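Paired with chain B in one complex and with chain C in the other, chain A is shared by the two complexes that follow.
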Partner chain A sequence: MFLPDNYEFLCPVKTNSGNRALEHLPFELEALSARKPLIVTDKTVTGQGVIRKMINAFKDSGVTIGIFDSMPDVPDMQLVTELSNIYRNGEHDAIVALGCGSIVDVAKVVNIAASYSVKILRDLAGDNLIAHPLSPFVVVPTLAGTGYETSKFAFIENLTFSSYFLMPDLVVVDARMVRSESVETTVATAMVALAHAAEAYTGPAKNPLADSYAYAAIQYVKDNLMNVLKKPRDTDGRLALANAASMAGCAFSNMQPGLLHILGEAINAMFHIASGICMGILLPYGLEYTIQKNGYHTHDVLLPLSGFDEYAGTADNLKAEKAVNIMYEMQQDLYTVTGGKIPRTLEEAKIPKYMVNDIAEKVFKNGAKEFGIDDYRMVLEHAWEGKPMSWD
Partner chain B sequence: MGDYREVQAGSKPLKRSYIAVMLWFVGRAIQAAARVDKAVREEFEQLPEGFSFALGVEPHGPYMIVGKNQKGRVKYLGWKIEDKHIDLKLKIKNIEAAVLLFTFQESTTVASARDRLIVDGEVPHACAAVRILDIVEVYLLPKLIARLAVKRYPIWSFRRKYIGRTRIYFRSLLGY
Partner chain C sequence: MYVPGYYEFCSRVKMIVGHDALERIPGALSDLHAKKPLIVTDKGVCQAGLIDIVTDAIKNSITIGAIADDVPQDSDLQIVNRLATLYRENGCDSLIAVGGGSVMDTAKAINIVVSENAEDLMKFSGAGALTKALKPLVAIPTTSGTGSEVTLVAVVKDHERELKMAFVSYFLLPDAAILDSRMTLTLPPFITASTGMDAMSHAVEAYTCLAKNPLSDSCALAAINLISENLLTVMRNPGDKDGRLAMATGATLAGMAFSNSMVGMVHTLGHAAGSVCGAPHGSCMAILLSFGLEYNMHKNGHLTAELLLPLGGSQEYIKTPKHLRAERVVDYVRKMNHDLHDASGGRHARFFKEIVDRDGKQMIPRVQLADIARAALSDGSIFYNPEELDYDDFLMVLEHAWEGIPLDRSRIKKG
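This part shows the complex of A and B:
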């Protein structure tokens, strides 16, 4: 059992997960002294009938809710201004983000604007510049997400806000809200969770509390992703994946971004390929890279991936390699099950070979100097070719 | 602003009515069981004088209130909690959770473990109230359903189970 010499861990997020979990929302808001929430979502989510379930959940509570359901694909500060006006003029006292990704980011920034002022919003971008708790903030993910909803970060335009006050008070993971998603979205969500959890579990900031979140997240993804892809109506499986995303987000919030996260987000920004798909491609190569740095921790990741029997039956010096092989097998299985929709390599993701070097340079120049440019390049080149590093 | 709207949450009158009737009957059955069943009587004897507890749905009810007067007599005190001093509240978080509980898809203990039922008050008193509810459910429900609703279905004598059940039903309907 590994215990670091010193560590910190914070996860103030209350999670309410399960069948009909959404119905608890009025009670939980009342407990947060909130009587008139503003629900922020987009037309895609509304189109899935999810908003009706949300309204039904408030029945019998006597609560009036405000709904804004026109979140654009690329939100900007103008939208934040508009929403903070709605929040103030509507006398709302809590924000509920229904959905994931940019919906959550915008809701977080609106919450800052509601407590401070829109005028000084840009001055609050950065690390730990928010000085006091904000209004009650709830996230109801719809699986189209990344697990970032539980994180302390909010991204809008070119601004990054980072504060523990941005972590939601409550995340409601309801089985009915995470049902109808495309194959790509399901895989992307699961792979972001897996990548973040694996990085938390094997990274330099590894600690026993983050381990417990990461372990469960890895296990849930491994045990449920294939089932969900084969049986899209597997509600329990989807619920498990949504939980995995949420837990991985908590672990991720307590870490510095890892190599998989950095490269996955960079490729997403440059080529508009879902960051989860990118991280899924990079995952085994990232783990192979980690073995070189931190083999002992990497061999630990075999336990949630394979289960007790296989872990116990594998010699210590082969555990890390076996964990990586499971990741390669998983990649191949995803490719097969989805009929080739999920790429195994960066080449299959249609990223030109000559851009590999550009990605590495751009990442390094943009300030992600936790790793060397050669490290980025090495992982990217292997992931482009689909050639394990152990073959070198 | 055109994409913003306010929605007044509606209600679920059928489910509320069902829960209200169930709570009304369970309340009267507790009063009856306290007179008929020794174990229920002993549970109430352990509770302080003037003690009252409520079981109901947040945020606006319905509730059922049962209390013990100065003479130790157990009474069903109705469904309005506003004008009463309540020592212990067993609060079901919402009407859907109440439906799960009162359609016996989930026992009181499981509802509590799954955070659908929460307690305002002292835990030992809450445990006593749950034990009383379990006994009353065994009286009121056929074994097939009661097994789902209680922690462990007890083995009772014929006299206790069937004579007691008849007396409790009779007293509950007549309200004494």
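This part shows the complex of A and C:
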């Protein structure tokens, strides 16, 4: 088993997952010394009726909740200021983000503003500039995540905040909250989780502690994504996918971003295709690239993908290749099961071939120098065409 | 992978791992806004030179408030109170625990006293009595191990009133745990063996008992892998730094697993044997583990079977037919004990009748098995065991564990 020397690992996130997980929230908030949480959400989430479930969960708890659900499509600092005022004026002492994506980003940034002040917020953007714990923070995710919900990152306007203090104290994965989403959304959420987890599991900073989160995430996505697409009513399956998203965010926060992440986010920014869909396309090629670079980290990613029997029955020198093939098969299955909605290649995603070079250059210029521009280009070209890299 | 109807998982200890991890303690303390730690340890750790290694690594960057090295074998209330006073007298603001389970428990208990200004520690026993964060605590395990650096439990004995107090709270979790290979390089083979099997039993029970969840499973599998790959290696080559770090990591992962998914009959019986006869915890775990797997096999054999992969490797797994894998796992565990017995010059016990104290005296006389069975009845950990056990069942298992004879599975109840 691979064991690095000299690393650190932190996952401050507690997980409560399953049936009626929301009903534990008042008790958990009390354990966090919180009496008056502010719930931050949007009209889509409240429209689904879950807010009623949240309110009912607090009914006899003696806890007062405040609810803000006027989240705009593109939040900005003005919203953060407005929400910080609501937080202070309402004398709230905890923040609960009900939802995903920018709801969670806003909640995190408001949490910073509530502890420091809105005025100096911009000065705290960057790595590890937050010096102490913030107010108790809970995330109750849906299945429409971006992959950052439980992570140490928060994004607003053009700012990125990065700190372990931004990771939620608690993530509540409640079966009623992780309702069925559109095919594209479900796949995107699952594939961000799979990509981030696989990169943690096979990357240069791989360690057994991060692996324990990544392993579970990979297996949960592999075992459940197809089932959920075929049978949206599969509650266990949806719980598993939401868990995977949460676990992957934890593993990812302890790693440097990998190739799949870097390229996936770049394509998302340039072409407005969901990051998860992009990462899903790139997965097998990124994995092949990793094998060529540092083969021995990749053979055991087969274990969570294939299960014990197939893993044990595959010769060591064929394990990595089999893992990649499983990724290709997944892509094909996704395409077939969704009637072609999920692209298998960058070409199918309608990205012009001549843009491949632009993407590589942009990524390299933006400072992501972990990989060479030729590496980016090679992976992109293969992913465009759908052509596996040769096995030499 | 199984999707539980409901589960909880929390392991929020910051882990700092490496061959030079100790040097990062000042940074960790500073992140926690702490400047003047009380170091809590025991004489054994001191005599092994480990405290010198720790203080050398940190003394240029931090003021050590005091060093308390008189924690006894079993954590004791009087010591806890005395060390809490020492903490206050020296103006300390944090704790560093260097040692095994009792040192960790003592440090956690001291933390309750100094953080809550507790006159009577008893008031904080049980679950849910602590309501806010305690003072910063850094845990440095010197055995691999109890996993206490990542558990939310502390047990303290009140020897005067002959009571055992258990404290259960997430607030007891250390803020940081340091896994440094230097802390176990000189661990004697006999202790390496028993603490290694203690960790193994945590991971195996976490994986095979009723409260399992995906994260505890992940941790458990990795732990079993690391321990089975490295335990005998470090027995035969104690100075193997990588092997020691692997064992430390395995023990921590095992701690994360069982802390979040409970244990079962192996611990029930092990606790009972420990409390009735004073037998070392790790030795009891090592012996009872295979019997727990055997006893529960009709209920959780399918889970036990999976463990053949991390225990035996791919070849062994594939060549063993599915319906025989669980039994092979039991064989592997027994074989491990035999190998450890050999590698420790006969000191690691393979069965209860072999457990002896420092003077060679038998620690578990056969006549006491009945007392142990009785004590086991009142241990709560049995709740998570896949199969029920009453007094007769406990006694049957104990008798077989005493002699070292496999259970007759036809005699096991099917509840």
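We take it that the second predicted complex is superposed on the first by the 388 of 392 C-alpha atoms of A that agree within 3 Å, B and C clash if a C-alpha of one lies under 4 Å from a C-alpha of the other, contacts with A are read in each partner's own complex, and residues count from 1 in each chain.
As a working rule, contacts are C-beta pairs under 8 Å (C-beta built on N, C-alpha and C of every residue); 3 or more make two chains touch, one makes a residue touch a chain.
If you're wondering where the values come from, they're calculated on a predicted model, not measured in any experiment.
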item: Chain B versus chain C as contact partner of A:V13, first or second or both or neither; value: second
item: Partner chain(s) touched by A:L239 [first = chain B, second = chain C, both, neither]; value: second
item: Contacts of A:Q78 with chain B and chain C, given as first, second, both or neither; value: neither
item: Which of chain B and chain C A:N207 touches, first, second, both or neither; value: second
item: Which of chain B and chain C A:G66 touches, first, second, both or neither; value: first
item: Touched partner set for A:N366, first chain B, second chain C, both or neither; value: neither
item: Chain touching more of chain A, residue-wise (chain B, chain C); value: C
item: Which of chain B and chain C A:Q332 touches, first, second, both or neither; value: neither
item: Doubly contacted residues of chain A, that is, touched by chain B and again by chain C; value: 16, 18, 20
item: List of chain A residues in touch with chain B within their complex; value: 16, 18, 20, 23-24, 26-27, 30, 55, 58-70, 82, 86, 90
item: Parts of chain B lying in touch with chain A, wherever the complex brings them together; value: 1, 3-12, 15-16, 58-60, 93-97, 100, 114-116
item: For the chain C and chain A complex, residues of the former touching the latter; value: 1, 3-12, 14-21, 24, 33, 131-132, 170, 213-215, 217-219, 221-222, 225-226, 229, 242, 245-246, 249, 252-253, 256, 306, 309, 314-315, 317-318
item: Touch list for chain A against partner chain C, complex; value: 1, 3, 5-21, 31, 33, 132, 207-209, 211-213, 215-216, 219-220, 223-224, 236-237, 239-240, 243, 247, 308-309, 311-313, 316
